[in-house]
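In the two complexes below, chain A is the common chain; its partner is chain B in one and chain C in the other.
Coming up: the complex of A and B.
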């Protein structure tokens, strides 16, 4: 006979086991691995903080860290703003609305790798259709991911094309969960459309927005495939995001320990930023608690 | 019909049983072999011939060159039984062997070593032991489109290696053959690999790596290297005679084949590869050099190695041994035309294939101007950073900065080999 004290834990056990096996254990392995080094012949040694010390004195690491932070400083607010804008656009009933919604969500169904390859062709300097169009309208061909100045922003564009529709879905659900009675009350009180948006919609959207921002941040700090496929960290190191450096350390330079140290640092950064984001988007009532 | 739980379980069980019977019946061994992304018709016949001879299948996974190197790193570092055999780029032999990723082949090919050109055996050797069996060697030629030359009224380049063009002479010709309104370019290198581009600084007698094989600063970003790569950049960015962003072989080959590119420096594999372009009428000339410098051509090629951890050791050895036979090498030559590594194929074809002017040039280059890539266990890191720098330079990055960054990065990664 199982005591009722253990019943909740039994029900939770499968989920907890999965969490342990698929999330916490790999993190533990990564953090542990960051304290090791592998010899040329594959022997594992404990090296303590050597990998971290190496990174902190490595200009390449600092440059990647800066690029990663800058990338996230732009892409996360940008994706949130665009996703919110799109959600507002397709929120009100319109004829043929489902077509627009489907179109906006469609990029989600294209895998990241495939979308990077497609954009590579689309933006190509010699054969790409977009440059043909830009020349035709008189703007002139752009180098996009082949230019040190434009590469990072090209990647931000590609990621936003793919991500905005996805995050829109969560915000759309949030918009639907705001009771219409609140808006009616505001209208009766004489609130203008802007005032309703500013004082009703925005405060009530804090929670879904916090979720989107946090989840998006976690994903964008781990941004990898388009860098690997389109730019390999170039030109001139302009897109060497930390995740790509972690990959290169492990699989081009056979330094698994350094790679895991980069991953561990990334994990730490994500944790800190996510905590800050949660605090910023806390509703006023929660702040008093 | 509604499928109940019992029926579902019975169905699942029978599928599982059928599956395992199928597996038991398939006794045939299939070797896993990461291979270069050459056209299928240049790979499949070789594997099919091996299967006909031995009953062993080879699953050749064709990957573009940079993907091949990355894939091999990922798989080899797992240090398990896969892959069974793999293509080894000659200068990477040391890198793989030093890390225990290659089986020594001395015993297996003991009586065969003197059948090969000595330089090819040298490329596959590390620390006095043969680790990778040479599939061939390589050389590069200047291919030109006869029709575009005739249209522009330009005299065809000489095919005599003693009277080869200088880079200084090539530029005005390339300018005449560049027609932006028709997206036609005068000249391009086949790709941005150091293999392809190192002869440019080497022609200016630049030293491209330190004498210890582990130092890049002062060499990769040395004065002559910067001078040579500035010339390279100007072709793309100032004179605009070459198409920017052409990093991969396939793109430049298509452009040359379809008449969008008048001249290309490319490998002998194009002698077969260009056959698919029916309207293309091309000629070949020797690799140009800098006036006052020396003539230098790339060389070295693909080898085949065995993963020492393979679960199919006998079959893997059989594959490499079979590839080293005259018949297999002859077939391989017909498929892709790398200059052969076996002396006997040069002799057998001396009066047939090799009377072609292209092959006369190649024989001359192999004997006189061929310069292998720098011997270093860190060639992988060296090549990776240098390739990125060369791509950046092509697309307009500051030459000195790009090379200095590459040199610093290479030195940083070379430390582990010291």
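Coming up: the complex of A and C.
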């Protein structure tokens, strides 16, 4: 190849410099900043593990961590299960199927923030139709995101409304990659529909399912917009997920050090998840079964 | 293989389930679209009076949309459009250059750098929002258009897309042009870029949508109302107890429609890219 040694780097420079500054450097800033006390005036002073010490002795942090873990423990398997069900439903050909497929992925076009606003209105006691419906069928109106007991599950519902169609697409691709001959062979061997699902589909779908679970987890550990828009972490701290807690530390309490310490913890969790994701994507085919 | 859904009952069950699910997805969207056309006096629907009136307005009016013109919404649309278009322009240019370098050249550290690119789009952006804000503030960029645009220009996914496309062009093609005396910049601007218009279109739309939909970063980096983008302006309106519910209905519905059009345009390609990028 005829080229000067530096040509490729000239082409790469703007993008790589930007990735370095705006994607990689913030990780260092998070770690570095969590070890310093940065006042809003910008004065730096090294405080070592002090931020973490305060954090780990702060019941508010532990409660946030617990809520975040509980939230993820529910939402990720739930979204995976629903997405898998959707994928099974839209997999085999059916007249009019494209209409259903388009409708099911439609929430992808609605941003997370707007979907929170939409449901804020839809679930509202005075403006929204859902409570009217619940009264009408005799269940009675519900407070949803305005109650300590229901707020977290309301957020889970909204996120699932928005996310299920998106994750369905990955699982659908997985279903298509299973050779039809495998099913034919199983049918010839006399396997029932349930047996084919249990012993052919499920094992062969392990990899796409693991991918969806891991990628979904990475996103949900950073869940923010609906908390900010609908609950502000309340009522009574019921939805104070870690990302919101990090935001509030910086902007409500002007405690950048605490904010960056929480960000560092979240980054640590996310980096682990990304490594697992990488492994999954690169794992050879024999990981199947 | 069709045995699973052979019987008419199974078929009916499948249609029934699909219809219920599609209804759950569409119902809130359709309700909002219709509610945004309600006259101001009908906005509040008493819970006790559930019926057709809950969904169907007694008369349709564009008053709520007309009132938006006098609100802060046009400024938000202007801000979002400006930020998104600038990001598309610089994003396509910068990421295409990098994608071209990965496809057309062999150089030391190439695999490592490409790994960095992939890793950058596997890590959700939200994870670095707060430390990035600390940096942006140190640059003196807080509450500015640069803060909204510059960090979003380099995009690992778009670099990846361009690399995939440029790698599909045989290298002999580039080298033949080199032999004819063309500079690499000439090859990039006059040969590679014109060939890559489908990738330009899809990655441009992806960059546009990512800015159009972004919320967390604008809320953190540019909280000043002068720089409010659509998402932030709407979120503010639901947060502050306010009287203009009709305006909120109309602006939210408009934001959904404006996001849906580009999505439907790239849906097919976007879906294919997502899937092939995710599972190989």
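Definition applied: the second predicted complex is superposed on the first by the 242 of 289 C-alpha atoms of A that agree within 3 Å, B and C clash if a C-alpha of one lies under 4 Å from a C-alpha of the other, contacts with A are read in each partner's own complex, and residues count from 1 in each chain.
By our rule, a contact is a pair of C-beta atoms (placed from the backbone, for glycine too) under 8 Å apart; a residue touches a chain by one contact, two chains touch by 3 or more.
Owing to the predicted nature of the structure, the values given are computational and were not obtained by experimental measurement.
Chemist: Of the partners chain B and chain C, which touch A:133 in the superposed model: first, second, both, neither?
Modeler: A:133 sits against chain C, while chain B stays out of touch.
Chemist: Touch test for A:233: chain B only (first), chain C only (second), both, or neither?
Modeler: first
Chemist: Regarding the shared-chain residue A:207, is it in contact with chain B (first), chain C (second), both, or neither?
Modeler: Once the two structures are laid over each other on A, A:207 reaches chain C alone.
Chemist: For A:173, is the partner it touches chain B (first), chain C (second), both, or none of the two (neither)?
Modeler: second
Chemist: Is A:125 in contact with chain B, with chain C, with both, or with neither (first, second, both, neither)?
Modeler: So A:125 meets both chain B and chain C here.
Chemist: Figure out whether A:157 sits in contact with chain B (first) or chain C (second), or with both, or with neither.
Modeler: Neither partner.
Chemist: Once the shared chain is lined up, is A:252 touching chain B (first), chain C (second), both, or neither of them?
Modeler: first
Chemist: Residues of chain A touched by chain B versus by chain C: which partner has the larger set?
Modeler: Tallying touched residues of chain A, the top partner is C.
Chemist: Under the contact definition given at the top, report the residues of chain A touching chain B in one complex and chain C in the other.
Modeler: In chain A, residues 42, 125-126, 250-251, 256 are touched by chain B and also by chain C.
Chemist: Spell out the residues on chain A that touch chain C in their complex, using ranges where they run on.
Modeler: Chain A reaches chain C through residues 1-3, 5, 7-9, 11-12, 14-16, 18-19, 21-27, 29-30, 33, 38, 42, 86, 89-90, 92, 94, 99-100, 102-114, 116-122, 125-129, 131-133, 135-136, 141, 161, 165, 169-170, 173-174, 177, 180, 183-184, 187, 193, 196-197, 207-208, 211, 215, 218-219, 222, 224-225, 228-229, 243, 246-247, 250-251, 256, 259-260, 263, 266-267, 270-271, 274, 277-278, 281.
Chemist: Chain A touches which residues of chain C in the complex?
Modeler: 1-5, 11, 14-15, 17-19, 21-22, 24-26, 28-29, 31-32, 35, 43-50, 54-55, 94-95, 97-98, 100-102, 104-107, 110, 113, 116-117, 119-120, 122-124, 126-128, 130-135, 137-138, 150-151, 153-154, 156, 159, 171, 175, 178-179, 184, 188, 212-216, 219-220, 231, 234-235, 238-239, 245, 248-249, 252, 255-256, 259-260, 263-264, 267, 271, 274-275, 278-280
Chemist: Using the touch definition from the top, list the residues of chain B that touch chain A in their complex.
Modeler: For this pair, the touching residues of chain B are 66, 70, 73-74, 77, 79, 98-100, 183, 243-246, 251, 255, 380-381, 384, 388, 391-392, 395-398, 401-402, 405, 408-409, 412-413, 416-417.
Chemist: How about chain A: which of its residues touch chain B in the complex?
Modeler: 40-42, 58-60, 124-126, 143, 146-148, 232-237, 250-256
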